[in-house]
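Shared between the two complexes below is chain A, which has chain B as its partner in the first and chain C in the second.
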Partner chain A sequence: MTSLLQVVINGILLGSMYGIAAAGLSLIFGTMRIIFLAQGTVIVFFAFVVYWLFVKANIDPYLCLLIVVPFAFLVGLGLFYALFMRAAALEDKNVSLLIAVGLMYLIENAILKVWSASPRGLDISYSSAVISGWGLRIPWLRVALFGLALVSGLVVYLFLQKTRLGMAVRAAAEDMEATTLQGINSGWVCAVSFAVGIGLAGVAGVGMATVYSFDYQFGFTFALKALIALSLGGIGNVFGALAGGLILGVIENLTAYYLSISWIEAVSYGVFILVLIFLPQGLFGKRGVVKKA
Partner chain B sequence: MTQEAGVIPEKVEREVPGNRLGAMLGRLMPADRGRRKLVWLGVGLAAVVFFATLPLYYDVANGQLGIFFFTVFTYGIVAQGWNLVAGYTGQISLGQNAFFGLGAFTTALLWFWDITHTGYWFDPVLMILSAIAPAILAILVGLPLLSRLRGDYFAFGTLGTGMIISVIFLNGGKITGGSEGKLLIKVMPEGVVFNLRSHYYVSLMLAILATLVVYFMTSSRVGLALKAIREDEISAASHGINVLKYKIFSFAVAAALAGLAGSVYCYYLLHPMPMNVFAMSWLFLPILMTVLGGTGTIVGPWVGALVVYFIAWYGDKYFPGWHPVILGVIIILVMLFMPAGLAGIGENVTQLWKRGSRAP
Partner chain C sequence: MSPLLEIKNLSVSYGDVRALMDVSLEVAEGEIVALVGSNGAGKSTLLKTAAGLLRPAAGHVLFEGHDITHLSTKHRVDRGIVLVPEGRRLFQTLTVEENLKMGAYLPRARANYEESLERVFGLFPVLKERANGKAGLLSGGEQQMLAIGRAVMAHPKLVMIDEASLGLSPILTRKIFELIVALNQQGTTVLMVEQNIHMALNICHRAYVMKTGHIVLSGTGEELLANVDVRKAYVGERGSKL
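So, the complex of A and B:
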């Protein structure tokens, strides 16, 4: 019983990574209607940046948040204006999808060239600290990861609900055309939501650097995991995406516990397909609001 | 297609670049349709004759061009299949690597365990079965996916299916050889010497077959139905087209083509590993080829296959390790500046002729 509880808690804590990534995907999808497939690779890129900051400048990974997140925001703005602004305006969404694929290829192999193929992990002084009690052992870093996910989810939620720009983003997600007619600069709204999405990728990068051992190929798998989390939680709902990530984490850990690690992928994609077919609005999405793609 | 939210209205119209080149080429192309068809037929025949006679004056078995063209043909067959689904039916399939791998493994397994008792080199029985198995999978997967999912959702459904299939083969243990690929094919038929020349010819024939299949499918009533579905599904359905049937049909044909390519590639590898034949490159490179060449055109996938593999081949030679980066840049540039692909230039030609070839 304790071990089952341990598995579930581990799943929730590790799944919060998927949650952050899925929240970013959800924001980008909300306004631009594209699935940003390069999200995972971008996260791995930021994880490498954190790794560099840690190794070269000896900056604590959580302190890196102050550097990485604004940097990620700027990267997001740059990427949007350089690559996606014109493509996002096209009706054919495959153009944006393929640009994202090209970007993924580009970043992945650039990482391979710059940082080589060997997997990395941070060796932080407190990385072995554990909370234990009731027979459970929970590493501090994972708890911190969960906290990171909650805080970033809350920040994005407050941004969307309490600021004028956030309101514009929500409006654009509802109906881009009507939003444009209200005099809102749709390009800027798309740019901001894209940049916030990439900023979340920066947060996820910090999380990945602290908890996982990562290499250049990890990104694509991770993007798919974020996609599964997104479909579980329902598109267009930040907390739904976070919750989807947690559920996916639990599913993966239970699979590893009861079957074997090598079946994780099959089970999580199986759940993904079942959700797509039977619950396309996700577990937390509102019924009847899913727009036909 | 209906306008969707997310489209920024005032920016929808967009100049297709390449008009100047189009205008230049336009003067070379005959104006009426029948004669244009003849020109294309001539180009196609010339290409076929060139590739069929290449082994007569070039040693394809040992020269680099042999393996180069063999790989181009193999990728091109998969690309042509994807083109049928994406370019003509408007459904983005992200599961082609699963069909390719399934084809390769059907050949390998039947051969290794000698189930059909036909031990020929490039066994036609095995190759046909390797085309049928992915087609059946496509129908089984397509029924739930295509009847309920559209657009992005269908793409991700196929992606998930592909992942599941490759995980099953990775965990197949003794039967599939598992992740290390212990399935070594040692039972070469008697009197057969491994010679790339035969690979070259077989892949060339299959490439021609794939092109003909896609051509005849798309220029017949079936193709008309597929294009109608691509343009507007609801309208197509209300005109009496059985949307699901045609979608599944094109999806299954594409899967069969990928399976055929996988089967040929298995005769080249002789040692299929799930890592190799289910690799993502069998998904992304054919898509890149089709898109670069021009989706929804017959020549597009071939032009794209030649260009992409040329870049990959020489990039690997002169900038080792950097060529995927270069490919990434090229995908982005192509999508930004000529989303209709290289064949889009040809499209401009046609349009210019219709307008009386006035310069832009």
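So, the complex of A and C:
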């Protein structure tokens, strides 16, 4: 019983990573109407940045948040204006999607060139610190990861609900032209929501650096995991996306526990397909987001 | 004094299709001007071009004597020209109050937020009752009120309304038209596109009749109501030349 509880808790904590990534995907989808497939690779890139700050400047990965998240936000703005602004205005969303795929391979190969193909992981002094009790052993780093997901989810939620710009992001996700008609610069609104999505990739990059061993090719698989989390949670709801991530984490850990590690991928994608067929709006998504033809 | 809005020799195309050909019209301050005509006459195109959503192939849009043909929608809203689009286009998942906040997004409108809100709630008391409810849950008539209210929040000089009566019962249409008159009496100029020609001609000061991208007739509401061809074409009598 205790070990089952341990498995579920581990799943929830590790699933936080998928949750943060999925929340970013959800935001970007809201205004751009594409699944930003480069999200995972962007996360890996920020994980390398954290690794580099840690190794070269000996900066604690959590302290890196203060550098990496604002940097990620600016990278997001830059990427939007340089690559996506024109494409986002087009009716045909495939153009944006293809740019995202091109960007993914570009970043992957840039990482390969700069940091080589060898996998990295951070050797943090407190990485073995464990919270224990009731027969459970929970690594401190994973608890911190979960906290990171909750806090970033809350920050994004408050931004969307309470600020005027956040409201405009929600308005633009619903009707871009009507948003423009209010005198709102909808290009800037799209840029901001994209940048917040990339900012979340910065948060996820810190998380990845602290708990994973990662290499330049890890991103695409990770983006697909985030996509599964998003399909579980449903598009258009930050906490839904986070919860989707946690559920996927639990599913993966239960699979590893009851079947074997080699079944994880098959079960995850099986769940993905089943959700898309039987529950296309996700567990927490708003009905009507997925329209019937 | 120059008119508030002046459309000069405007031509607009969608690809190869000409939607507007050499159209000119004027709206003076304080007027309600109706733009009527059958489907596909180019009425909505004219409003969208005046709002800055479409770029004209030729011609000019002047507002308070200034050429705004090349200004963005944002700058037009800032100068006081707003469009209530066809089909209302509310933000359904936002609350009524959030919709009104979006209407008052620009700094000039934001500075007048409380005053505008009071004005909107005065015109449409039901919106005050529903302030915290989702816009998508309002009835059709209430949604149209919110769409107009959202435009009023921009602190506009000219409100352009595209098909306010769309999908509304005759009773609700009458109610909405009364509210448009009330809005006008508070000093806001109105340019409205309407399919419900009889009612539109009844409340407007002047009207233009459009057909296949041209303006074919203009005059005061009474004149057009009395015009035999208009009656035959649009008010239900037979044997029209329009």
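In this section, the second predicted complex is superposed on the first by the 289 of 293 C-alpha atoms of A that agree within 3 Å, B and C clash if a C-alpha of one lies under 4 Å from a C-alpha of the other, contacts with A are read in each partner's own complex, and residues count from 1 in each chain.
Note that a contact is a pair of C-beta atoms (placed from the backbone, for glycine too) under 8 Å apart; a residue touches a chain by one contact, two chains touch by 3 or more.
Predicted model only: the values in this text are computed from it and were never measured.
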| item | value |
| --- | --- |
| Touched partner set for A:95, first chain B, second chain C, both or neither | first |
| Partner chain(s) touched by A:131 [first = chain B, second = chain C, both, neither] | neither |
| Contacts of A:167 with chain B and chain C, given as first, second, both or neither | second |
| First (chain B), second (chain C), both or neither touched by A:105 | first |
| When both partners are placed on the shared chain, which of chain B and chain C touches more of chain A | B |
| Touched partner set for A:5, first chain B, second chain C, both or neither | neither |
| First, second, both or neither for A:87, with chain B first and chain C second | first |
| Touching partner for A:175 - first (chain B), second (chain C), both, neither | both |
| Which superposed partner A:184 touches (first chain B, second chain C, both, neither) | second |
| Intersection of chain A interface sets (partners chain B, chain C) | 174-175, 177, 180 |
| Of chain A, residues touching chain C in the complex | 164, 167-168, 170-171, 174-175, 177-185, 286 |
| In the complex with chain A, residue positions of chain C that touch it | 51, 53, 73-74, 76-78, 82-83, 85, 89-94, 98, 101-103, 105-106, 109, 150, 154 |
| Chain A partner contacts - residues on chain B that touch it in the complex | 1, 3-12, 14, 86, 92, 144-145, 148-153, 155-157, 159-161, 163-164, 167-168, 170-171, 280, 284, 287-288, 291, 321-322, 324-325, 327-332, 335-336, 339 |
| Chain A - residues contacting chain B, complex | 31-33, 35, 83, 86-95, 97-99, 101-110, 112-113, 173-177, 180, 186-187, 190, 220, 224, 227-228, 231, 262-263, 265-266, 269-270, 272-273, 276-277, 280, 291-293 |
